[in-house]
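What follows is a single structure, written as structure tokens, with notes after it.
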Amino acid sequence: MIKVAINGYGTIGKRVADAVAAQPDMEVIGVSKTKPSAEAFVANQRGYPLYIAEINRKPLFDEAGIEVAGDVTEMIKQADVVVDATPGGIGVKNKKLYELHGVKAIWQGGEDHEVAGFSFCSSCNFEEAKGRQFTRVVSCNTTGLCRIIHAVDEAFGVKRVRATMVRRGSDPGEVKKGPVDAIVLNPVEIPSHHGPDVQSVLPEIDITTMAMIVPTTFMHMHAIQMDLEKEATKEEIIEIIEAHPRMGLVRGATGIKSTAELKEFAQDMGRQRADLYENCIFADSVGFVGNELFLFQAIHQEADVVVENVDAIRAMMNGAADAATSIQMTNEALGFHAI
Amino acid sequence: MIKVAINGYGTIGKRVADAVAAQPDMEVIGVSKTKPSAEAFVANQRGYPLYIAEINRKPLFDEAGIEVAGDVTEMIKQADVVVDATPGGIGVKNKKLYELHGVKAIWQGGEDHEVAGFSFCSSCNFEEAKGRQFTRVVSCNTTGLCRIIHAVDEAFGVKRVRATMVRRGSDPGEVKKGPVDAIVLNPVEIPSHHGPDVQSVLPEIDITTMAMIVPTTFMHMHAIQMDLEKEATKEEIIEIIEAHPRMGLVRGATGIKSTAELKEFAQDMGRQRADLYENCIFADSVGFVGNELFLFQAIHQEADVVVENVDAIRAMMNGAADAATSIQMTNEALGFHAI
Amino acid sequence: MIKVAINGYGTIGKRVADAVAAQPDMEVIGVSKTKPSAEAFVANQRGYPLYIAEINRKPLFDEAGIEVAGDVTEMIKQADVVVDATPGGIGVKNKKLYELHGVKAIWQGGEDHEVAGFSFCSSCNFEEAKGRQFTRVVSCNTTGLCRIIHAVDEAFGVKRVRATMVRRGSDPGEVKKGPVDAIVLNPVEIPSHHGPDVQSVLPEIDITTMAMIVPTTFMHMHAIQMDLEKEATKEEIIEIIEAHPRMGLVRGATGIKSTAELKEFAQDMGRQRADLYENCIFADSVGFVGNELFLFQAIHQEADVVVENVDAIRAMMNGAADAATSIQMTNEALGFHAI
Amino acid sequence: MIKVAINGYGTIGKRVADAVAAQPDMEVIGVSKTKPSAEAFVANQRGYPLYIAEINRKPLFDEAGIEVAGDVTEMIKQADVVVDATPGGIGVKNKKLYELHGVKAIWQGGEDHEVAGFSFCSSCNFEEAKGRQFTRVVSCNTTGLCRIIHAVDEAFGVKRVRATMVRRGSDPGEVKKGPVDAIVLNPVEIPSHHGPDVQSVLPEIDITTMAMIVPTTFMHMHAIQMDLEKEATKEEIIEIIEAHPRMGLVRGATGIKSTAELKEFAQDMGRQRADLYENCIFADSVGFVGNELFLFQAIHQEADVVVENVDAIRAMMNGAADAATSIQMTNEALGFHAI
């Protein structure tokens, strides 16, 4: 059993913990919080040992009736791999701690590529992650872009990608962040960082991205255009999506035309936390103008990287022969079949 | 086994179907839709026989790959009780059909009291529903008001209630409804219909309500004030809430101060669809100014009436000795313990 | 003086009325409403004779204290030109009335090209509108696209345009429309109608557009990419924008990165109703990848077509020698200088 | 001419500057900013001398093409009165500076009562402000409450007030603040600070308030209930409102039922920045249950205190004989007549 610690039990960390706990070859040996909160109660309810950053805050947890197992260093010492899901910019400061204790570590896309020197997307470069000490799982948007671009590139060759990312303003539970009523360019400058970030995984892809933020809480929407090298048909692209273990089709017969209806569907289908681990590609949007492929895909910012973290753990621990094997194990353990 | 048909498989209907299916003494013999949709796929996935309003639309369902069991009349003929969860104003038109086939029927709060001549809230007037042919389950807001007012009234006597309801603009999946950026008085006139609607269940309560709509999708918030007859303390009110099977406390230690954080918590605790069947009363808000009790409660508009429908079925079918027995059966079958 | 009637005194109509009233060569001879409303009071306050669609509703206006001048037919008889600003789909039904009374008419972009057989954008095809009886001013988004594409095309040749339009969910005062919390593909299918609509003005432009709706009330945002025939620099594009009477630059030194901050600026600068008649192009977004030009522009859905309607009136009445003359007259009368 | 400096040229400061500049007995001798911004451009456009907090930042302003007149201390030395409109909590730190230069100062409601030892609302306690060195204008919500409570109290006696404030999440131009989709109790505890804050102006009023924040940008909505000492009728209350120079009626014939429609109306009526200086009381909401008065009022958070600052200046400088005189001067100079 691979011993996994999750440092930072927030939006991503709590989902990674549950996904790790569901795997047959992994166990959660601890999760961490800095102060009492609803999520700390959830960790207790789930039975994950809860470690805290500053042990002198233990009385605060005691008072709230939250059980504490010890401090974060103790947790790290017991781990084979630490998934660092602390807020962007904090993770890099923990690197020394991981080096000191000789533990493997995975960071999220909020940190720069340099933190690990290697950026990961399981369906693109699983092999390169094998046995590594440090890995960075790219952000939700970059993961979503890498999956579709790489799959189309393998089949038909991708000469150039132009994409506009319309991003959610805050996660559903983040009530202090806005905007309330605005479209915010983020950044104003073109290209946004997403293009170069895709190249950290797929260095040969020629891509330019634009990005903005809008007042919604659930899912980003990508408007994607790709120039292909070979001729392809809509049907061939649909087949690629259907065959991919991390992409799903939103079919026209469902009547779903929005992120909110998609969440409702995920919830109704029994997905835990309404999580959508897969790229959600709108079947009726897939189309061609000459050799230019167009499509819309929705990306669940809280979920798509969760399964990538699980695969990264397995790759770094040499726990699966190849990407396909790991992805299948991860998906099956979660009872996840692309919609 | 009580045979239950759900006429209208939307926001409320799909939840009632799942809650009924979970009960040991009931079964879902059918649900209905008018056209192919994501929810129709869900009905198939759940294994609920799907009946359609107009059988000549069956080819549309066939084309979408959705299995149809027959037309709505066939469904009604087989049922002991029909839960009518069609949109407000449609349900009343179905009454003749239920009378024709001699089937018991339950309507939702979108219909007027007169549709059934009796308005129901299980913790208030379960006994009166026993053996009835027709019952109306009051709306989500009225249910939430009735529960807390009745419980406080029984313990300390309620002389007068003043409440302001701040309502969600649309359900999460309803993307055509607004407002986007406004506070809408609904209605401008005072009192709103909620006060009289409470009196349809609790005729002796003196209550005035005000209501407005705001741009959010999850939960209404009630700002409630009650003049009590006897002296009471904050601790005594908290005890009443803790002891009530359909009310829960949002404790300060969780740090939860909003509807969105509450939904996140419900999701994390594994509640299906993040449903909150109980009144969510903020513990730190409960307080007194003289003999005036103040508190905030959040009401999940999609969920709180679901358990009431189940109890109503049981009462009408004489399936439980009393309210407490039915409520416990319903809650246990759902694995629901108030937060 | 050109006698102008405005049929439909809503979001667009009331702005066109004020813009017409400000012109030295035009006068508003009437505006119309179907029922008493805040806008009917505004028409009275402004001194525009108010005509009503059904004269038997006059008592309703009397009761509200709103002065009525007569019925819509009377208004049309007196007009040289009618600007039809009724809701999309209604305008076409008024055509017979305009034909019957031999009056010139202008429709908005909510009607199809066929209603007038000619689609107008003053900086693109003013000459062709001269003397016409019927003209359609294209929609706000199409107007914004036509202005920038035509200007760049004239200078450097545009081989191909790819654009994603992120649209506001409702106008600020429309409180019934959503979405509250969703990104809605509108339509799911690619291309959206905007590309073909641009071609109704600029038939030789090769363009593909994608569109979605988000929960905001003020301005659409366009993410635009153009393949140019000749080499150009960022500075040359900036110069074109600065020289254009209907395009303005949002400069980096203002710190403005969003539609909401832009509205605040327009309001602070004293623009009536915070109206932005010009394409608002973010200076720092303008850039090149090879010969591909990228930029973001915000389009005020309530305002940009207003000045186009004024120019259309002048063209149809042969009231100005050329586009430049009319545009300058219109802008000056409004005291409008591009930001 | 009273020489007025505005320290902090943001949401409130820029409005106070324009209102002061419009008065016949006052002039704006300077406004201040800390860094280049859209508002700094506006100050230049308006012709207000712009002073900066740290003079070594002048090159940043030079580079942006914004003219700077000097540093803030120079501005304060020239002033008779400083209106401190810096963000809440900053103003108190400037007190020493005002004392050092012996200048009169006015703070906003974001500071505590203690900063000035006196809290002001012109229709309630103008006399007490006469000749003072320091005054605090209470917050927008408190101002709105004080106006209506005091006016009703004078006429009929107010025994007790219960009010729920539903507050906007962010100002329209603040794109970083949320919430996006939540109702946030602020605070969870009852009473909110608004009740005690009303008592800083009207110490004898018995009031309990509750408050929450919702995702909208324009106006707060107050649901107010008052127990009156004497009998009164709806018509008498309406008369009080109509006669009050800082309260306006939203009449049913306008069809306005929301904050957004109210803003649209203010904009259409030509109000600068769509500003609503008056309490906007919905005529159809005014009503009685026994001796309990109920009503809804909307309060424009950016505007209602602006006119109060102008009156406070006049009172402190002994520039008007009484409240009625000052209020009339202020209103007339702004061309403001309550709706």
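For clarity, chains are labelled A, B, C and D in written order, and residue numbers in each chain start from 1.
Keep this in mind: contacts are C-beta pairs under 8 Å (C-beta built on N, C-alpha and C of every residue); 3 or more make two chains touch, one makes a residue touch a chain.
By chain, UniProt protein names: A, B, C, D = Glyceraldehyde-3-phosphate dehydrogenase.
What you see is a predicted model; the values in this text were computed from it and never measured.
In a homomeric contact, the two copies may use the same or different surfaces; for chain A and chain D, over half of the interface residue numbers are shared, pointing to the same surface. When you average the Cα atoms of each chain and compare centres, the chain farthest from chain D turns out to be A. Of the two chain pairs shown, A-B and B-D, the one joined by more C-beta contacts is B-D.
Here the CA centre of chain A is 46 Å from the CA centre of chain D. Chain B has its Cα centroid 36 Å from the Cα centroid of chain A.
With each centre defined as the average position of its C-alpha atoms, the distance from chain B to chain D rounds to 42 Å.
In chain A, the residues that touch at least two other chains are 172, 174-175, 179-182, 184, 215-217, 257-258, 260-261. Remark: chain D residues 168-170, 172, 174-182, 184, 215-217 touch chain A in the complex. Within the complex formed with chain B, the residues of chain A that make contact are 14, 36-39, 41-42, 45, 63-66, 172-175, 180-181, 217, 253-258, 260-261, 263-265, 267-270, 272-274.
Those residues of chain D lying in contact with chain B across their complex are 162, 164, 166, 179, 181-191, 208, 210, 212, 214-219, 221, 223, 225, 252, 257-261, 282, 284-285, 287, 289, 292, 294-296, 298.
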